[in-house]
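Each chain gets a letter, A, B, C and D, in the order it is written, and its residues are counted from 1.
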Amino acid sequence: MQIRQATFPSRLDQIEAICRLVEESAQEAGFDSAASYACQLAVAEASENIIKHGYGVEGKGIIQVSVTGRADELTFELRDEAPPFNPSLSPTISQLDEDDPPVGGLGLVILHRVMDEVRYERLAGQNHLTLIKRKPVQSR
Amino acid sequence: MEINLLQYKRVAVITVTGRIDSATAAELETTIRSVIDNGQKHLILDLGAVDFLSSSGLRVMVTTMKTLRKVGGEVCVAQPSERVVSSLSIAGLDTLFHSFESREAAIASF
Amino acid sequence: MEINLLQYKRVAVITVTGRIDSATAAELETTIRSVIDNGQKHLILDLGAVDFLSSSGLRVMVTTMKTLRKVGGEVCVAQPSERVVSSLSIAGLDTLFHSFESREAAIASF
Amino acid sequence: MQIRQATFPSRLDQIEAICRLVEESAQEAGFDSAASYACQLAVAEASENIIKHGYGVEGKGIIQVSVTGRADELTFELRDEAPPFNPSLSPTISQLDEDDPPVGGLGLVILHRVMDEVRYERLAGQNHLTLIKRKPVQSR
């Protein structure tokens, strides 16, 4: 499979383009529409966090996204130059409290619910986030 | 994203088209706030034409729910697209929002 | 004539297709009666697919209106066809029945 | 214009066929859809009355309907063998009382609102009802 890679300015209006890159890769890898959407959602959440929480202000840096495919899985790698942050620890996903539902913290929940693996490394002043999604077995 | 607002006597229907993500969620929040500030307690979000819904949009929905519940109101969802259903379920919020197959069923529920 | 009945919490929607004349009005009346006997006070007649409405049908509508008003209820019309609009206006009943462009607007009016 | 004529058993399920005869004539005469519908409605009301009030019981007699056209008008003639009844006198069409709307008596109101002339004769044991509808000037 083709390796797709692109660099985006850290602006929220770039999320749509990032999603498009993910969608094209997922389609090429034969992911069904639901799995493709799940990947777009997770990569969008990670990117939004880098822009909002990492860089703090829009347009201050870049996000590099690359997608590689192997056998029945897709690997998404996101790199940024914002301060170190490790999102690889799974948030405690508690039972929904209907009377006091959570207003924040959904981004990391979504990231971990969707992805089969979430890895983090800090290398040469960059955050390296690796997200792996295996193709659902019963792909329609 | 496009937002359309329809105000009925006892309920307002907000129809969203396109993407609800961090780039657009604020605009949706502003519209919802103006409707609530106007005294409307019952809100329907018609998400039939929404093709992307990220946590930023979900956060607006949850905030809206909390605000309305405080005044004895509620927000529900009408004819959610497949992707909206996915987002709600992945985020574990699918039981929080009543979801109706049609706008009219949603309106009739109030 | 075909009759479809949809019962919501606070309102019932009766959708009629075809001709409402002396040959079919009784069937419509029976359906309406059963809905009212069931305790429903708010009725919507979706007459979008009615292509003939004679005095026999109008008589059922007026009777329904009178019955419902006595219990503080009401019957209104949703998306009337051109011919239904003609019949109501020729009979001079156009001001008696609230008429809404869409089912959802009719439902939201209650 | 062709003269159309047909005889129907005095049953309510024949009203639809009577309407069809009226519709075809109106179409041939170049009446617009609204004028055609008005004619169907008026002839249906007259026929319903003959069946329900004239003969009293369904299937007891016949209704003969004929339609003739001349210049810009259509003439509908209905004949039946029920007891004499003269519907040519215009009912007093009072302002609608919203609080106590009329439940009956709408048939004759419709007949007279729609038709430009309503004439009645009793001839040889038959009711002859003549209804004349002029083509609306601004026919769309």
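Simple rule for what comes next: contacts are C-beta pairs under 8 Å (C-beta built on N, C-alpha and C of every residue); 3 or more make two chains touch, one makes a residue touch a chain.
Just so it is clear, the model here is predicted, and its values are computed rather than measured.
In summary, no chain was found to touch both chain B and chain C.
Centroids of chain A and chain B (each the mean of its C-alpha atoms) stand 25 Å apart.
Our note on geometry: chain A versus chain D, Cα centroid distance of 74 Å, whole angstroms.
Rounded to whole angstrom, the centroid-to-centroid distance between chain B and chain D, based on C-alpha atoms, equals 54 Å.
Looking at chain C, no residue sits in touch with two or more other chains. Taken chain by chain, the contacts run in an open path, each chain touching the next and the two ends left apart.
All chain pairs that count as touching, in label order, are A-B, B-C, C-D. Taken together, the chain C residues at the contact with chain B in this complex read 8-11, 13, 103-105, 107-109.
Interface residues of chain A facing chain B in the complex, by the touch rule stated above, are 12-13, 15-16, 19, 33-34, 37-38, 40-41, 44-45, 48, 51-52, 93, 96, 98, 100-104, 106-107, 109-110, 113-114.
On the chain C side of its complex with chain D, the touching residues are 19, 21-23, 52, 54-56, 58-59, 62-63, 65-66, 82-83, 86-87, 90-93, 95-96.
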